[in-house]
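Below: a set of structures, written as structure tokens.
Paired with chain B in one complex and with chain C in the other, chain A is shared by the two complexes that follow.
Entry: the complex of A and B
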């Protein structure tokens, strides 16, 4: 196990290095000049030279990349070019809790509803329960998140105007706080995030469970006279969970990265929102940091999946 | 079994209660919009302003560029002089100011007993510190050029000297500050109205460094409001500053909220969650019918700039032909839904220096519908002047524009009009908005669409910035080109320099008006329209005087209030 963890840790470091280099090079060679963009209508050549120097953008690329890596080791991602008085670390510190909260609640909803629904469908395969469940799942899965988000927003406005409500159309409230106004703001985005995940996990769980239910050992368990509940929960479910673990692990890894469309539509100032704004603002330090964060999430998620495998199925050995 | 049922029933009951509570809460916070005559009680004097989809870029007056940031900053900070709501300069922190006969020394006497929002006395030293701080390279301000008239500006921004205090910022006593200029310029006070010279509290900056604007609830400014709270993910709340030297605001709180994109913000306004909202283009027609619709011309001009160094725009008549061929009325009516004003102006209306008379286009009229016959005649003369035998011998003409749907539509309409009227094919080159400015800055484009918003309402910011010799924005090479017009243009450039030395504002404005008319007759660029602010404001809000500058006089907050 230890050997495996060390191996994965080393390969993870290389993945992060690779991502950092690619994002740096893309940023370096892109025709967008972040300082020119920062100065906008107030551009003067002399001012441009001074600011380029202040941000170290007049250094050779390898020097800039070295500086970036050197500071990254100390978890210092530099200063935002767009928000001049703010460090990138500060910006991430604001965004990560919001994205994590949105995706955590969404994932919880997904797992608590999606996996049981999938298992129920498998157990009741080809009955009206299965058909209804899978139709709903397919519908939610087929509809892009932003369509559902737009529809939800229109409905909120319609209800507000028709019934004199004041339900928040957008915004997130205070992260990890649950005053009434916070719950109002968070409820719809979480439900929408959960809806897409629900559909995915319900379908995955159904397929996986159906496969397991067809195995010899399940048939043997039934032949031994075990109750159906014992067959499903003790023998089938544990094995059916193995393929789900990969997806859950990756989802957990991506919790910090947020949900692009939902954050955008509902004006939630999470990491995805920050990353998109940074791209449009040519704010390379923020782009690099969010890309690294996403890579870190995926590496961690993968690792988590592998570890969870061994817990769910002790026959799997990590070498 | 019983336990399971109870659990499920309890869960459903809790869910039902939660739903009812949430909906009830939503209902109770809604506002009755029918009765808007009674002044709201203090507890409801809360103005809710949306700021868009991102946090303020900065609340540091030394760095600010964005219009929305300026609006918030002007509630918290004030400067020596500012604009009233008609665009006139008035003393603000200063009680009075005196300009020396040679125009090089501005002596400001501060109001007595000025204080920052934490009660700390504000003196001339603080004013000098604030201006000096903006200019220090360590501040990394992208807007130092507002103060470039101050003596030794180049030396301090270039890091050759460490301070201007005692040099060109002279503190005579706690209430008197002298600012020394490198050359007499009539528009210096206008540049001082920009937040770069607003007064900030030294002790806060020294305590918190670059993060000082995260601590504005501890002081920092001397405006009508002070910061109550600031969150980078929610927005900014300001409350009246009890140490403010003017009349106290009637509002008890302003909430600047990160509100999402223009569509989301508009939807939220319709749900009564904000008191103002910009209007998405798609909603403009219906919004214009609403009683809460507000239309105010703004100091923004849209134009097409033509490069004198690239053929065929080195020929006067060809430039004029392209100008006269455009039917601006049609464009503004059909494409821009009548919310802008077609114009020949180079200095927009609504500010000092705007020509009180009409500005005539190259066809000698103020009409904006274009003149087909004259455009064709001008083109024919232009072809002769340029030695072109016919239209097909003209070089390829390319109009560059932003790669955004609205800009591309506009470019295509223009290309269409030129093709229909002049028979000239113009190609469209679209560029990512992020690269637009730097591409223009190369000076190698042939023709490009552009828009400019006043930094400060003075003709200098419109004419000298674009047509002055050696100006960063003179990408058209006006004056310094190889065309036959160059000599005349250089005379106009000298006239601009002279205009900025004139002390009498009326004479100076007249000179600028004359220059503007000459530029318009020559098609120095092709003006298209003056933009406007189109937005909705809740009828509950009273006392805001809308003006093209988009500023609220700090003392006007005493007249702004909400009704229920």
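Entry: the complex of A and C
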């Protein structure tokens, strides 16, 4: 187990190194001179040289990369170019609670609705329940979040006009507060963020459950006279959950960037929104930090899924 | 009775009809009906299967219509309609007011009319004209990305799968890396860095050089760059499977060299798989372009793209929901059509399916 963990950790670190190198090298070759942009009309050659030296941009590339890595390890991503006196960590700190709130509710919803829906579909395979459920899941899976978001917003507007409601269209209440107005604002974005995951888990759960229901041990359980309930919930369900649990690990990794479009569509000031703003402002340190954060999330998610896999299914040998 | 296999078939069926035959033994035997069974090639069988798949036909029809709309729609549309007074340029004809970039500030946020078939947007531009231009952009990006994606994926995937060794190792590491790098963030990174100077680089390239479209090439390159490793990994897996088949062994025994093996035996078996993968991939590419334009990093005004149209109309959802619905519905239709068509293609091209 330990050996396996170490191996996965090392490969994860290598992936992170690769990602950091790509982000660094793209930034290094940027045709836009950040110092010049920063100075604007106050540009003087001497000042330019001084600032360049102060930011460490006059060093050779390997030295810069080394410094960059060294600071990353200390969780210091430098200072933002656009907001001159704020550190990148400070900027990201505003977005983290909002993004995690959106995505954790979304993930919870996904799991609590998607997996039971898929299991139900498998148990009632080829009935109208199954067909409806899978059609909805297919549509939600094929369509990207922003299209569903547009439809939802138009629906909200229509309901507001039709029934005289005052439901907010694009807003996010106070993070981690749940007054009525907060819930109103958060409900739709969370639902839409969860929709894609719902569809994915429902489809996966259905396939996995159908496969398990076809196994010999399920037939044996039925043959020895167990009630259908016991067969499904005690024997089949546990085995059907194995592939699902590993996917949960993977989706945890996507928590941070997964909400890119939802945050844009509903004007939620999370990390993804910060990243979008940073790109349009050419604020490179912030972009770098968000890319690294996202990659870190995915590597951690992968690791988590590997660990979960071995815990759930003891047949898997760790090499 | 007839001869060979055909006669045998008759005998086996004969138990029912035998009494009829015995009644008139003197009559000359009626000529056997013409053998109407055709010997179809696998491709013909697949096409016939697809022809009977109503969902695939509808999806294909929608896509063909949209492609036709993008390619021949604008020139036709620019010749329909009468002369109309304009704010700034006096009386103008449809050649101008049906241009996707022409603004008519006194005609904002209109619903469909005889002059503007799908209405106008918030600065008085014709929505149908913008839609057709947006479709053209989506198509172009999809085709460019798919060519790079399939080309590179096929090349590297076959090399890795067929030869193994260091190419395989390199591909595995590289795909690991690209897995961990969210493709959207990578695209944002590239666009953020190179986007602002793209206009000066690409102003000579057709379509991409038009005002507002400069970043499109950066977006396409980034999308292709993030999608080909997955394709290569997929091709590699399929190549490994094909390599184990008996006909490869037979070809080896006949003395076929590596190149001949790849070109004449491996690639033909990959084509149908690649077609399906590409069809499913295209919808992802179109979503990607629309999404990036929606975030404001792809096509910018005065250019047009489905994503940009959604972004422009997003603030007006409460007052003019029509404007945001049009591009969204069209985009949804494209995406769903490609997904369904890909699924149907997979069924049709699957040699192991039992009915046809």
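Simple rule for what comes next: the second predicted complex is superposed on the first by the 283 of 319 C-alpha atoms of A that agree within 3 Å, B and C clash if a C-alpha of one lies under 4 Å from a C-alpha of the other, contacts with A are read in each partner's own complex, and residues count from 1 in each chain.
Criterion: a residue touches a chain if its C-beta (ideal position, glycine included) is under 8 Å from a C-beta of that chain, and two chains touch if they have at least 3 such contacts.
Just so it is clear, the model here is predicted, and its values are computed rather than measured.
**Q** First (chain B), second (chain C), both or neither: which does A:282 touch?
**A** both
**Q** By the touch definition at the top of the document, which applies to A:169: first (chain B), second (chain C), both, or neither?
**A** A:169: touches chain B and chain C.
**Q** Give one of first, second, both or neither to describe whether A:265 is in contact with chain B, with chain C, with both, or with none.
**A** After superposing on A, A:265 lies in contact with both chain B and chain C.
**Q** Check whether A:157 is in contact with chain B, with chain C, with both or with neither, and answer first, second, both or neither.
**A** Once the two structures are laid over each other on A, A:157 reaches both partners.
**Q** Using the superposition on chain A described above, determine whether A:19 touches chain B (first), chain C (second), both, or neither.
**A** The answer is second: A:19 touches chain C but not chain B.
**Q** Taking the superposition as given, does A:43 touch the first partner, chain B, the second, chain C, both, or neither?
**A** first
**Q** Counting residues of chain A in contact, which comes out ahead: chain B or chain C?
**A** B
**Q** Of the two partner chains, chain B (first) and chain C (second), which one does A:187 touch, if any: first, second, both, or neither?
**A** first
**Q** In the overlaid three-chain picture, which partner chain does A:246 touch, first (chain B) or second (chain C), both, or neither?
**A** Once the two structures are laid over each other on A, A:246 reaches no partner at all.
**Q** Does the superposition put A:295 against chain B (first), chain C (second), both, or neither?
**A** Touch status of A:295: second partner only.
**Q** For chain A, which residues lie in the overlap of the chain B contacts and the chain C contacts?
**A** Shared contact residues on chain A (touching chain B in one complex, chain C in the other): 31-32, 153-154, 157, 160, 169, 264-265, 280, 282.
**Q** Which part of chain B faces chain A closely enough to touch in the complex?
**A** 18, 21-23, 25-27, 29-31, 53-55, 57-58, 60, 63, 65, 137, 140, 142-145, 154, 157-158, 210-213, 231-234, 257-261, 264-265, 267-268, 270-273, 432, 434-435, 437-438, 441, 452-453, 455, 472-473
**Q** What residues of chain C sit close enough to touch chain A in their complex?
**A** 173, 176-177, 179-182, 184-186, 188-194, 196-197, 283, 287, 290-291, 294-297, 310, 314, 317-318, 321, 324-325, 328, 331-332, 335-336, 339
**Q** Applying the document's contact rule, which stretches of chain A touch chain B when the two form their complex?
**A** For chain A paired with chain B, touching residues are 31-33, 36-47, 50-51, 54, 79, 82-86, 90-91, 94-95, 98, 153-154, 156-157, 160-161, 163-175, 180-181, 183-184, 187, 264-267, 269, 273, 277, 280, 282.
**Q** Mind pulling up the chain A residues that touch chain C in the complex?
**A** The touching residues are 11, 15-16, 18-19, 22-23, 26-27, 29-32, 139, 142-144, 146-147, 150-151, 153-154, 157-158, 160, 169, 254, 257, 260-261, 264-265, 275-276, 278-280, 282, 284, 287, 290-291, 294-295, 298-299, 302.
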